[in-house]
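This is the structure, below, for whatever I ask next.
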Amino acid sequence: MTAVVIDNLSIAFPTARGISHAVRGVSLTIGTEKLGIVGESGSGKSLTARSILRLLPASAQVTADRLSFDGIDVLRASEAEMRAIRGKRAGLILQDPKYSLNPVMTAGAQIAEAWRTHRKGSRRAALQAAEHLLEQVQIRDPQRVAGAYPHELSGGMGQRVMIAMMLAPDPELLIADEPTSALDATVQAEILRLMEDLVSRRGMGLILISHDLPLVSHFCDRVAVMYAGRVVEELRAADLRRAGHAYTRGLLDCLPTLSDPKVRLNVMTRDPAWLT
Amino acid sequence: MSTPAALRDWLITETPSSRRQAAWGRRYRLWCDFRRNPLAIGGLATVVLLIVLCLAAPLLATHDPGQQTLTNRLAAPSAEHWLGTDELGRDVYSRLLYGGRVTLGMVVAVVLLVAPLGLAVGCIAGYFGGLADRVLMRVTDVFLAFPRLILALAFVAAIKPGITSAIAAIALTAWPPYARLARAETMTVRNTDYIAAVRLTGASPWRIILRHVTPMCTQSLIVRVTLDMSSIILTAASLGFLGMGAQPPSPEWGTMIATARRFILTEWWVPLVPAIAIFVASLAFNLLGDGLRDVLDPKQR
Amino acid sequence: MTSRLRSAASVAASVPITLFGLVLVTFLIGRVMPIDPVIAIVGDHAAPDVIAETRAELGLDEPLPMQFVIYVGKLLQGDLGRSVMTSHTVAHDIGQFFPATIELATVAIIIAMLIGVPLGVLAAVRQGSFTDRAIRVFCLAGHSVPIFLLAMLSLLIFYAKLGWAPGTGRIDVAFDGLIDPVTGFLTVDALIAGDWDAFRDAVAHLVQPAGVLAYFSMAYIARMTRAFMLDALAGEYVITARAKGLSSARVIWRHAFGNIAVRLITVLTLTYASLLEGAVVTETVFSWPGLGQYLTVSLLNADMNAVLGATLVVGMIYLALNLMADMLYRLLDPRVA
Amino acid sequence: MISRRALVATATATAALPVASWHAAAATPKGVLVIVKQIDDIVSFDPAQSFEFTNGEINANCYHRLVRPDPKDANKVAPDLATSWDVSKDGLEITFHLQEKAKFATGKTVTAEDAAFSLQRAVILNKTPAFIITQLGFNKENVEKLIRATTPNTLVLTLPQPWATSFVLYCLSATVGSIVEKAVVMAHDEKGDLGNAWMQTRTAGSGAYQLTSWQASDRVICDVNPHSSVEVFNKRVVMRHVPDPSAQMLMLEKQDTDVARDLTPELLRKARANKDFTVTSAGLGRVIYIAMNMATPEFQKPAVRQAIKWALDYDGIATNITPDTHVVCQSFLPAGLPGAVPGKPFKRDVAKAKALLAEAGFANGFEMTLDHFNQPPYNDIAQALQANLKDIGIKVTLLPGESRQVITKTRARTHQLALLAWGTDYFDPNSNTQAFLANPDDSDASKLKILAWRSHFVDAELTAMVEQAAKELDTAKRMAMYESMQRAAQERAPFAFMLQPIASAVMGKGVSGFVVGAVADFTKYSAVKKA
Amino acid sequence: MITVENLSVRFGSVEAVKGVSFHVPKGAAFGIVGESGSGKSTVLRALSGLNPDWTGRMEIDGTALSPHRSKDFFRRVQMVFQDPYGSLHPRQTVDRALSEPLEVHGIADIEPRILRALAEVALPPAVRFRYPHQLSGGQRQRVAVARALMSEPDVLLLDEPTSALDVSVQAEVLNLLSDLQVRRGLTYVMVSHNLAVVAHLCGTVGVMQGGVMVETVSADDLRAGNVMHAHTRALRTLCMALEEPA
């Protein structure tokens, strides 16, 4: 049973006008489950998730009482140890395949590279594996897609390639950082369903980071709501309607809806007390 | 405003109360960023020092830079002549100070000619596109494809050697890259939403170019200019090397080395002194330019 | 692919127009030079009837526009005219002088690339560190010294004092005239002749001037490499690559560098073009009989056929290189549509 | 290709060329004389066309002439191809008796037929140096009648008008009088050019050497003429183009060259201090002078011209700016040329110069421009002149220019002051005397547009005397005329003669026998030995 | 107020908009919804005059539009862009951005107008001399709206005005837009990929797919499910499904 333990994590960046604290004292434990981290831009959700793989910008100052991946101390692990986690045991899916895929390598080559890095097979075996993986992410003509460059693929296609690439070494945990916010609504649903399906079938853990609270609640078991670098509330997705924190409720209330038309939308009033 | 602290607060406030305060606040923030790069600060300090030295040349010089003493030529450094004398017995130290005025003056003159010209050509070509772009870029290409030193040489020879023609010649060869740069910047800027927004106010193309496009190009241009200053000094020196730069007795650094290089095996300090001056000035401008680029043009670095 | 080719073709179509502009400007420069080309041919001491005869021979008594039309007409037939300085046809001279320059510039660009690119990459990876700054100062230093001084210092140190490098010229006297000029590139010709000693000697003679040129151009290459690399390293795909568990070497070279390689080709090509035209001073110090020297000497002797011809060739090479960079960019970078 | 290589191999056969690469080569290859020099002045090797210094020197080593200047006595001509000659009483007919040993590189013996052809060819081609012969009255129409071979080794030259015999002989000793091999040259005749195009890059002579290859601005290679009877120590001469004097010095120190030709005064001083090196020097037949254009009203006053001559710091400039490379020379005939008058009447005298200016009505001075070549030593000298003239109240603006640019300007007579140099065209006083003093027609249509014309110097008396002197059969009388003309020029001419350049060559370790002289002819590669 | 008939736009060989027609009465809000590449933004750009290469017929207030627009047109029709980060000039303060339209149209009393405009979009006067990078996303979009209002237009074209904003800010901006419409009687054409947002602000919604406007339907019918086209139905179903938390 893989477990990520985050205890009192803080991330800060030096700026021209002093230190800016992006994440302050976040504690989370993640097992083989689907956890959603939700928050508005700048809430620190992405940094928190990336800190697990130690993929933060070089200037980030990270402190934590504990930050471990299956017992490995991420803050003190050597680069080689980290490489054994990255990709092999935990994958990361980024927001927009237009930027997160290497534009000058074919999709197949990028998947094969991930496969070979951790499985040490021949070039040809890797390419075959890549095509097989593309099939698994429900791409109908894997051969064409494998030979295509990222800019030749649609957003949905690109995100499937990204998923295939991260699944190649068969990891235990998948971190998806806003995996669908660059996609159209119809594609978004397909991709999320695909991810949910793969994760459940392989018994992997999933961390889904998003700004879309209703969306997350559909695909996750548990939701952590972040605001200004803190986790303000952690709850089961099914309990979202009964959220205790005013911020969480505010996020849900301010959305315009088709089913419930309003003349004016509710506007969230931010309580300064949330920051402490 | 009376104390440095108050001034600083006035500058860095998030709520400036006038355009002027906002502009100075922005400049101050840039300065704060710039200040964190020790190499760039070194470059800036050196440039400022050089400018001060050259401006104060009449006060600092120990001799008349044109005074010849044929019987005391190529003397080694001494108490009388701190950096020795040149091939006509003139004081190298004094000539160095006065030469800086000429050299740095040439650099400034070239920049003042080149930057606006390149900016205008590039922005017009880039913004209007079409025929204007094709014509202007073909002209730019012709000058780019021309062997640069040859163009400068031919130009100087066609007029007459001297500082003015050297300035004109260097400017003639230096503007095309600026036009290209400004054009490239303009092409990216032209398609942005903020330019679209300005177009939707009904502003004329000239107003858009002048007030909205050029400000976006100037920063990278400033960086390029600073980095180019050393090339300008060196081109001037190369012209001097080929006998087409500033002419004697004008104490221009490049010409000083060019005329003194024949002593490199014998009285080596004579060419070495202006060489060090050029090296220091070039390096300072280069470091300054690099620092400015980090601050002004983060995407190019 | 066809749209790529079409846009490349439209770029190529602009070349003749630019060339025509080049010819026109050069021609005008030649005519406004305050040097009587006849004096360059017959000398200062010639008798007036010899001067008049030569003037007519050169067509200088025709009106200016007519002279231009005649010149362009000959040019279109591939006739660059005859140089009065060397008594050879300009085409022959260019065939003799240009290979020397190409050889020099080529070796220089290779050296500059082999050193400048890794330094630029290293500086980008270690951005802001001491290494970054040291590299910056090292490269800028080479770009801050007048190149003739760099050349003379190099001669003094590596030739005179240390004796590591041979002196000036393209080859040792011992091999003078022994190598048949097949291609004009001495190194290649030595290989064709199967003369290994001559080859080694020619290479040894190349290293020093090429090194000087390389050091001078390295600053630009390293600087651009660094800038491109910083750009690339900030890309999301680099995070993806790291998230895949790749080694940092692979992330840097395969992913980040792989993305800038095509852009670097453009930088290298332009640097190469500037080396071809800009080696005049180095050629003078190292007694390198290259096109830069040829152009300068011809210009100062008002040998306008030679100046026009050589300028045209340099311009053409420049445009061709530009075009090539453009094409490479279009063909190699999958992103360009 | 193979054959050429084989040819070169035999030519350098004394020892197989050391296949040494650069670091192993401690010295230049044995049997090969290496000279470094600026050689981008070479235009053509055809003696009928060649008029530059470097080609002159190489031609002198590749060709025979009928007679040559005598290196030992400037006032005599020495036999060369002609062992002796007879002159008719009226001086109109000269009969040359040719030696029989001289052989072309093809192995053929040189005949009077070749000699006559060579002179006729120069006249018919009428290239730049042809005037040296045509000024005697030869032209396309008469030359074949007037210069003819009567026997295989007798050449008779009939003058169309009387000339001083010494003048004629000196003219024939010029490069243009080189004897080419008729059969070879005519075999390469193209459209009646008498082989001129082919000869531009080749030699066809009977000298000790022949031209093997010339690459412009790179090198000239000469190999020995296998049929020459001259004893030769170096089978090959390589002249390399090294434009940078410092590089020349470095090469000399590294023993990568045997002789360096263009060292600056400073480098010469350094070379003299090195006991391994031998410096040889000789005054050249050139003079550096200031031309005052008499179109400028100020210079029409003789006192102004004299004031300038008295304002110049001749010795200061010569000893400080151009030590070892120039000496003071205040006459248009530099030392070493026949008829040269020694002596330095002028010296810097600011008071006298100022008085002369005041006398002319310019007590407060005036402003002038000075055109000069923008290369050393001219730019240094010009700056010194600027300072000198400032002291007497003349404010000079320097106008530097590329040499041909300055020449173009002076030919257009648009200069005010110009610092110039003039080299003698042939080894006879008439060359310079005529150039500086003769101006029969000052209009733009003049047929003689040389130095006097270019500065609007019109002096009927001197113009007439120039022609008289050239026809004076009595040599002693003739030389006296040149002496008086030199004195007159110092008094009246708008020329301030300043300096005579000294040619210097530095021989590296173990090298001996290299000589330079007033004219290129004195440099004989065959005499150079290497230890 | 706005009539678009048979509008087609080509980019090279690609026809991005194929014969779109719709009509917006004065004071009404018309929404265009569709996925990326459906051509919805292209319609708006053609209408605004930013893209002159179109065919068909467009009228504003009974006047036919030509590819080249008069200055008066730009005074009456203004646009708000999707990304407030990109639509404000990075080197110009809020003050400059707001005074530019006034200067162009030669409108006097710049100072009070700017203050009034800031107040109207509920921005404190203190932001007046700030640069865009010193503002939050919501503030920027308010500045963009204020700029569009400076020349007192009748028509506002909204290109995904909230899609780059956080949901809480989106609510604020949407409220601002509906307030302004009421207060000033503006006519809106809004483009968005979010059905709920469009239906919230607009009485009528045109659904686009592949460059074609497949259906025009009132917001009420949309809510009630009275839709004809399959694409409209699919979009509606997805939207409804995600509105309810699990």
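Here the chain labels run A, B, C, D and E in written order, and each chain numbers its own residues starting at 1.
Here is the rule we go by: a contact is a pair of C-beta atoms (placed from the backbone, for glycine too) under 8 Å apart; a residue touches a chain by one contact, two chains touch by 3 or more.
What you see is a predicted model, and the numbers here were worked out from it, not measured in a lab.
In summary, the chains found to touch both chain C and chain E are A, B. Chains that touch both chain C and chain D are the following: B.
With centres computed from Cα atoms alone, the innermost chain of the structure is C.
Here the spacing of chain A and chain B, counted between their Cα centres, is 49 Å.
Centre to centre, using the average C-alpha position, chain A and chain E are separated by 32 Å.
Centroid to centroid, with C-alpha atoms defining each point, chain B and chain C lie 25 Å apart.
In chain C, 33-35, 152, 156, 300 are the positions where the chain touches two or more neighbouring chains simultaneously. Counting partner chains per residue, chain A has no residue touching two or more of them. Annotation for chain E: no residues touch 2 or more other chains. The touching residues of chain C, counted against chain A in their complex, run 235-237, 239-248, 254-255, 258-259, 261-262, 333-335, 337. Residues of chain B touching chain C in their complex: 38-39, 134, 138-139, 141-151, 153-155, 157-158, 160, 230, 234, 237-238, 241-242, 254, 257-258, 261, 264-265, 271, 275, 278-279, 282-283, 286-287, 290, 299-301. By the touch rule above, chain C contacts chain B in their complex via residues 14, 17-19, 21-22, 25-26, 29-30, 32-35, 133, 136-137, 140-141, 143-149, 152, 156, 219, 223, 226-227, 230-231, 274, 277-278, 280-281, 292, 295-296, 299-300, 307, 310-311, 314-316, 318-319, 322. Against chain E, the residues of chain A that register as touching in their complex are 40-41, 155, 184-186, 189, 211-215, 217-218, 237-238, 240-241, 250-252, 254-259, 261-268. Looking at the complex, you find that chain D touches chain C at residues 1, 4-5, 8, 17-23, 25, 28-29, 32, 34, 40, 43-44, 51-52, 126-128, 130-131, 134, 197, 200-201, 212-213, 215-219, 221, 238, 240-244, 246-247, 250-251, 253-254, 256-257, 401-402, 404-405, 407-409, 411, 425, 446-450.
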